[in-house]
Structure formats: C-alpha cells, structure tokens
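All chains are identified by letter, namely A, B and C, in their written order; residue positions are counted from 1 within each chain.
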Amino acid sequence: MGSWRTARWSKFAVSGALALGLAGAHGAAAAESGRLLETGSSLLYPLFNIWVPVYTKSHAAVQISTQSTGSGTGISESVSGLAQIGASDAYLSNALEKQHPEMLNIPLAISSQMVNYNLPGLNAQHLKLSGPVLAGIYEGKITKWNDPAIAKLNPAVNLPADTIVPVHRTDGSGDTFIFSQYLSDTAPDWAKTIAYGTTISWPSVQGGLGAEGNQGMVNSVKQTPYSIAYIGISFKGATDQDQLGEAMLENRAGKFVLPTDQTVQAAANSMVAKTPKDERISLIFAPGADSYPIINYEYAIIKSKQADVQTAQDLKTFLDWALRGTGGNAASFMQQVSFVPLPASVRKLSNAQIAKING
Amino acid sequence: MSAPVITAHHHGLGLRANADAERLRRRQWFSAIGWTLCGASLTLLGGAMLSILGMVLVRGIGALTPTVFTEVTQGTGGGLLNAIEGTAVIAAGTVVLAVPFGIAAGIYVSEYRWTAWARCIRFLSDVLVGVPSIVLGYFGYITMVEWLGWHFSVAAASITLAVLCLPYICRTTELALREVAPELREAGFALGASPARVTFSLVLRAALPGVVTGVLLALAISVGETAPLLYTAGWSGYLWNGQLVRSPIGYLTYVIWAFINEPFAAANALAYAAAFLTTAFVLLISLASRLLLTRRR
Amino acid sequence: MNFRTVLATVGGIVPASMIAVVVFLTTYAWPAIEYNGVGFLGGMHWNLGNLYADPIDLSGVQILPGASYGIFFLIVGTLLTTLIALLIAVPVGVGAAIFLAEAVPPGPRVWLSFLVELLAAIPSVVFGLWGYAAIVPLMAQHVFPAMAHALGWLPGFGEPIGSGFGLLTSGIVLSLMIVPLIAATLRDAIDSQPAAVREAAQALGATRFETVWRVLLPGLRSVLIGACVLATGRALGETMAVLMVSGNALNTLPQTIYAPVSTMAAFIASQLDSALQDPTGLAVRSLAEVALVLCIISIIVNVCARLLLAGFGARERRGL
C-alpha cells in the first residue's frame, strides 16, 4: 500500500517537473527571438497593420503584435513596460514626463483629423464648421442643426431642425487630445472650463454618445442620423465607404479647409521649425491660409531603458525602418492612411531620440 | 307548495347554477390565458436562443475558412490560430490550477462538514461566487501584472480565472460527494483503509461524474470569459512562446470583442468565426456535462 | 502529514483567495476611500481632472486640478438595468418554468429545458455581439419608434428614441442572460412538489393551471425570491454584454428608457486605461474603490440569495 502511494505521487511529481522544465527551456530559447507589443492609438493602428507584415517579411526574427486600444493605453502601457511601443497621437504631459524622465516621444509621421457627420441627404456637401461652433455643440449650447451659428457659416445649405447627437470617445484617446486642443485654441471658455487631454470631462449633452476607438466613432455616426464625431484621417476609407459627411474646418486665417495632403503639408511646414528636441509640441491651429487646423505628430512612446539588449536592438531597428523614406515613411504606406511623411528636420530629431534607446 | 313558490324556488336554484357556470367559465378563461402566456414565454426564450445560435452559426460558419485554423492574426485579418492556441493554453493553466484546490476544498467540506473550517470554506466559497469577473480581473491586474511585475502573461490570466472557477468546482465536488452513500465510506473504513484511500479510491471514484462536471464547468468558464483576460493576458498576434510570465498571449474572446468594431470586413468575419468557435465549444461542454449527469442517474 | 490537515490546507486556498481579493482591493483603494469620503456614492461627476495640467496639493493629497470622483450615475445605471432585466426575466422565467414543468410532455421536456439552460452557458461577449449586431438595429429602427408612438404619453417613454444603445436594450440583453437561473430553479422546484398536493387540488376541481398558479407556486415563494436575488447578483456583475450595448454614458442620468447608461462593471472595464493616465495614481485607486463597492454589493446580494434558497432546501428536507 505504501509503495503504491509513493509510486503514484512520484509519477505525478516527475511529470510536473518535466512540464515546468519544458516550459522553462521553451521560454529561455524563445527569449532570443524578439517579441514586441505595440498598443495604443486607433488612428495609428491601420498604419501599423500595413507596416508589420512588410517589415516582418524582411526581418523574420522579430514578432510585432498590434492592438488598437487608444492613445491613453499606449502611453500608460509603455510607461509601465507592459508594451514596448506605445502608439499615441498625444505626447506625454509635463507631470508624466517629470515622473518618468526616461520616456521618449518619437514622431513617426504626421496625421490629421476629420470631423464627420451624418445628415440624411446632405452628406455629399461639405459643411463649414468652426472651433467655437464645435465647442458649442459638444457643450450642449448648440443643440439643433439649424442653429443660427451653423446657419451663418453655411448660408446656402438647407439645414434640418433635428437635434445634434455629438459622439465622443470613451477611451483615453489621442483623437480627443487633438480635438480638444483645437477647441481650447479657438474657444476661450472651453479652454477655461474643460481644456484638453486624452480624457476630458465631457459636458453632459442629452443623447450624446460615447464610442470606443475610431472604429466605434465611424460605426456610431453611420448608425445614428444627425450625429457628429471627430475621426482620425486613417479611417477616411471607411467614412467614404459609408458616405458620411466631412466638414470643412476654419483655420487660423479664417479659411475653411478639408484635410488634404496639401493643407496638412502647409500646416506642417509652418510648425516644424518650432519642434523642440524632445519633440513634444502641438501642431494644432497652425498659421497659414492653406493650413488644416487639426494635424499632429503620430508618436511612438518608448521607454529608453528597455528590459534587455535584444528588445532594445529590435526596437531601434524597427523604428529606424519606420522613419526611412524607403521604409515606413514611403509614399506607398502614407497614402493608404492619408498621412504625410515626416520632414527631414524632424526625422533627424526622431533619429537622435531613437539612439537613446538601450537595453 | 303553491305554483309561484315552486317556480321561485327553481328560479333561485337556476340563478345559482348560472353563477357557478359563470365562475367556471371565468376560471377556464383564466387558465387558457395563463397557459398561452406561459407558452409564449417559453417560445420567446426558445426564439431568442435560436436567434443567437442562428447568428453565430450562419455568420460564423461563413467565416470559417481553412486559413482561420492555419494562420495567425495579422493585424485585423489572417486567421485565428494564435487565438485558438492561446485560449487552449489559458484554459489548460486554469484547469490545472483550479481543479486540485477546488476538489480538495470540496472534499473537505463534504467529508468533514461538521467542522468550523468546513463551514468557513463553504461560506467564503459561496461569497466568492458572487464576485464579478471584472473585479477579479482588476485584482489580477493590480497584484500580478503590476505589483509582481509579471506584465501580461499566461500566469496572471490563468491564476485570475482559476480563482474565478474555484468556488464552482468546490460546490460541484461537495454536492457530488454528498450523494455517495455513507455505507461506502463505512465499508472502506471497516476494511482498514486510511481516510485518504477511502476518499480517493472509493468516494471520489463513485462521485467522479459529478466532479468531472465541475471541471468541465471550469473549462467552459475559462474559454468564455473576456473581462478578466483583457487586463491580464493582453494580446499577442503570434503563437505562444512558452513563457509563463512577461509575455502576452492571444485568446478567442478578445477577437470577438475587439474585431467586431473594426470597419474592415475581414476583421468582422474573424470576430464571428471566433464567436462560433467559442460558443460551439462551450455548448459542447454543457452537453457533455449534462450527459454525464443523466448517465450517473 | 495528516490527510485531513493536508486537505484543509490545500482547500484553504478558496477562502484565502476570497479574503485576499477583498483585502488587496481595500488596501489599494484606501487612499481614494479616504480622499473621496462618503460623497463618492452620491457624487454626480466622474472627472479625471485636467490630465495635462500639473498636480496640485489638496489637503495633503496630490490630485489633478478639477478631479472629482463621484459614481452616482453608475449606481443609478446599474440599478436601473438590473431592475429592467428583472422586470422582463421574472414573468418570462416563471411562465417558461410553469410551461416546462406542467404542459410539456416528458420527451421534449428534457431537451427544451436543456435549451433554456444553454442560454446561461453562452459567453457574455457573444451576447454582446448578438445585442450589437441584431438587437440594437432592431430596437432603433422598429421597436423604439413604435414604443415612443404608442407609449409616448408615459414619462420616460417618449422621444428622443436615441440610437438603440441604451437602458432598455441593456435590460433586454441582461434579462436573457439571467432568465435561465429563474426558469431552471423554479422548474426543478415545481417538479419536486409532492404529487399529493397536486392530486388534492385537482380533487377539489381546480384546473391544471390553477393547480400550479394558486396551489404550487405560492408555496415556492421563497425559492422564486431566492432565484431572483441570485439572478440580480449575476446581472449586477455583467460586464461585456452591457459594455457593448449600453451606450456608455458619462456623468448623465438617463431621461428616457432609451437613453445611454453606464453600469459599474462596464465602467471599470472601459475606464481603466484612462485612469492609468493620472500621474497621481488617484484615478486608478478610485476605480479600485468602484470595484470594491461593486464587489460588496454583489456579495451581499448573493449571500441573501443563498440564505433564502437554503431556507427552502432545509424546509424540504424536514418534509414540510
């Protein structure tokens, strides 16, 4: 009886040890092939999804997983080390930088943001909207589409009398960051009461909706008549396919423009000279008659001190590739998501930051 | 009796007979309406069930191409191989962790039920059932992902799900053991067997179908849960690299949750395919445990 | 070592994990509990503050300017969705249980009961998927307009009918998830009633329906209540399904039954990422406080349910 019991237990113990040993050996071997987790901005997500298959074909030893979780998550997971690449349309706040001085904000491209709406019958026209009007809509002060403030900007349009349904992002979002920066720069009372951030305290508007990710914004506007939302330019294919309306926004010179390569480039050109070494700068409401008011750097938030040498090396190689005009910043990639490649001066700054990554 | 009195007497009886007939009709109407409403309720439930199964089946099978089983998720397209493998790994880890502890607790509560410790285990186990899975996920995030520094990992995911499953296994094991006749135990002790021998070789073996039901329940839970895994397993677009800590892993329910929202048809198709696989697996497990229980009786 | 001791120790993981969960959550949330005070439950606004401004010092605690943590809208959202779910699930569950126990012949009864129980097995995220893909469009395009048209005079049932994501839709999806609990428990209880009671009622001239409705069910009141409370416990903690159909309202109370809401469970799942952005860490701890509140409420509800059901079980065993 005693021997039976010992035999049973010892068999159990041996198989358990084997399993653990196998897992350990497997794990140790696997640590040598690089695994990177990219998480964050849904605006940058489509671009990463076309970058990764191409990159990993020529760099087979690296495995990059992508996730669309919002810029807020990109920032926080990169800071805590859960993810190696935090994709974000927003740079780190001063407070976070002070707390974590080892964080790098590395622009990879320049993107922009659309304001889309769903007005039955009117989606083919481009409504003219300004920052103060948008602030009024999201504050709940402008409730109907035929409000005098909107009508003044669009005298030739037969605006319906229906209630506006403003849609905002529920997750920590870089799109919220740049949109609220636009509202703060153009509407003083918004700047005073709500200001900007990846998450802000949205004023309660009856019927206002919350959506997750840019994809949620597209779906919400598609399904909800008389709604309005701010959506990243990389989703232009989806909004065009769903035939959603796209607004012309008022820029600093008082002109109303759509986000095209030309208007985004014009805005970028007027701002890049001001980009500091740590590359934390807002490109919102740039001067210039042709400038589009909502453009931003797409950041990879990276911790300069990585877990090991292999990861650091893999990161640097990938980011170098992403910045190159023959690599990630090639026109073929940029055009698919309607982004603008980084200007040469900014690319130099980014490369300098990449050099700081070590393991 | 005079004629008017007789007529009045009969008339009174007739009135009461009418009242009785009236009441009977009302009661029959009431019963008829009652049965109709009850039947409608059952039809409503059956209809909803068929609607869900139908949607998952129709859209899911349509998306089940061979690449789903051979390719990993590439961005928002590709296949589900990594998610399937990840779900299997997490489920295996959960079962390996939860079953020994849960069964041990169930045995103790059943065989030593008069002790205070057994009552304590029972009570706290019942309390644990009531804890929402998102709360356990948050707990797992604070303790294992952040505090212990494991980051997104199989270990964090499996331990969190194991805690979720423990009370169910404890309960089913206890109930199964209670059904076993005390005579079996007495016979074992009478033959001089030790408590361990009696429990494992006699009682547990007799109660095995019921105990296995609990294990199957744990399996179903670990395949179907999403919220706790969002913050403990993370996501990986590749096959598991064998690391228990500091390595995120994919799982099917993540695909359902994250990909259905994407405005890309390929992503939506993967979401439905994942929903089909998950639902089919969970339903098969339910069927299996039901068969086990009926065969036992 | 003694077999019993080994068992007691190994099995002790179960109570230990329960205690660990509560202890860790409380410890982690303590700074937030201290800071937020009682106003947490009644406060109307959940505001992370100005994430891009510098933290300020408020009576010894570092917080972001403008930050305040109040979850009243969450509590209202959770209670309302659970209430609507129960209002739908209880009649439907009771009706289905009665029909299954009494009207369905034994052959189909087995697989029909199984079908109903399967509803409980379907993963929450698949319910959310079905709600998102099938129910929300159905509500928005057909049901809500009809309801507003017919019932618009009732307060809370009128325009605007919204987008389909909201309180009523969440209640409907939730009710389907909890109805098997009620139906299965009640059906078993009806089945287990002694035949003598049935025969006595029918000898007195009761129809079959009256036998169930007026004789059997009243005796099962505590089982029904116990099952309902158990269902409530399940509904309170539901995350994924609600997250996908509720509309995720922030800081607003629903004015109509079609309006978006937020529940505590869905809020925790969707707001953790935003809360992690707070450099002072108070937001994550306040979210842990929300988790703690939800945990305690669920535990209380569940324990009450068990006591009620155990009471019935005990009476059964005593032969009452």
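Methods note: a residue touches a chain if its C-beta (ideal position, glycine included) is under 8 Å from a C-beta of that chain, and two chains touch if they have at least 3 such contacts.
None of the values given here were measured: they were computed from a predicted structure.
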Distance-maximising chain from chain B - centres being C-alpha averages = A
Which of the chain pairs holds the record for C-beta pairs in contact?
-> B-C
Per-chain Cα centroid nearest the overall protein Cα centroid belongs to chain C
Cα centroid separation, chain A vs chain B, in Å, comes to 38
Rounded to the nearest Å, the gap between Cα centres of chain B and chain C is 16
Of all the residues in chain C, which ones touch at least 2 other chains?
-> none
Contacts with two or more other chains, residues of chain B listed in rising order | 196
Mind pulling the residue numbers of chain A that touch at least two other chains?
-> 80, 212
Any idea which chain B residues touch chain C in the complex?
-> 27-28, 30-32, 34-35, 37-42, 44-46, 48-49, 51-52, 55-56, 59, 100-102, 104-109, 111-112, 117, 120-121, 124-139, 141-143, 163, 166-167, 170, 194-196, 199, 220, 223-227, 230-231, 253, 256-257, 260, 271-272, 275, 278-279, 282-283, 285-287, 290
State the interface residues of chain B toward chain A in the complex, per the touch definition above.
-> 74-76, 145-146, 151-152, 196-197, 234-238, 241-244, 246-248, 250, 258, 261-264
Complex interface listing, chain C residues touching chain B | 3-4, 6-8, 10-15, 17-19, 21, 24-25, 28, 91-96, 98-100, 103-104, 112, 114-119, 121-130, 132-134, 176, 179, 183, 207-210, 213, 233, 236-240, 244, 265, 268-269, 272, 287-288, 291, 294-295, 298-299, 301-303, 306
Touch list for chain A against partner chain C, complex = 69-70, 72-73, 75-77, 80, 93-96, 99, 163, 165, 170-172, 195-202, 204, 206-212, 220, 223-224, 227
Residue set of chain C touching chain A in the complex reads 45, 47-55, 64, 66, 136-137, 140, 160, 162-165, 247-252, 255, 259-260, 270-271, 273-274, 276-277, 279
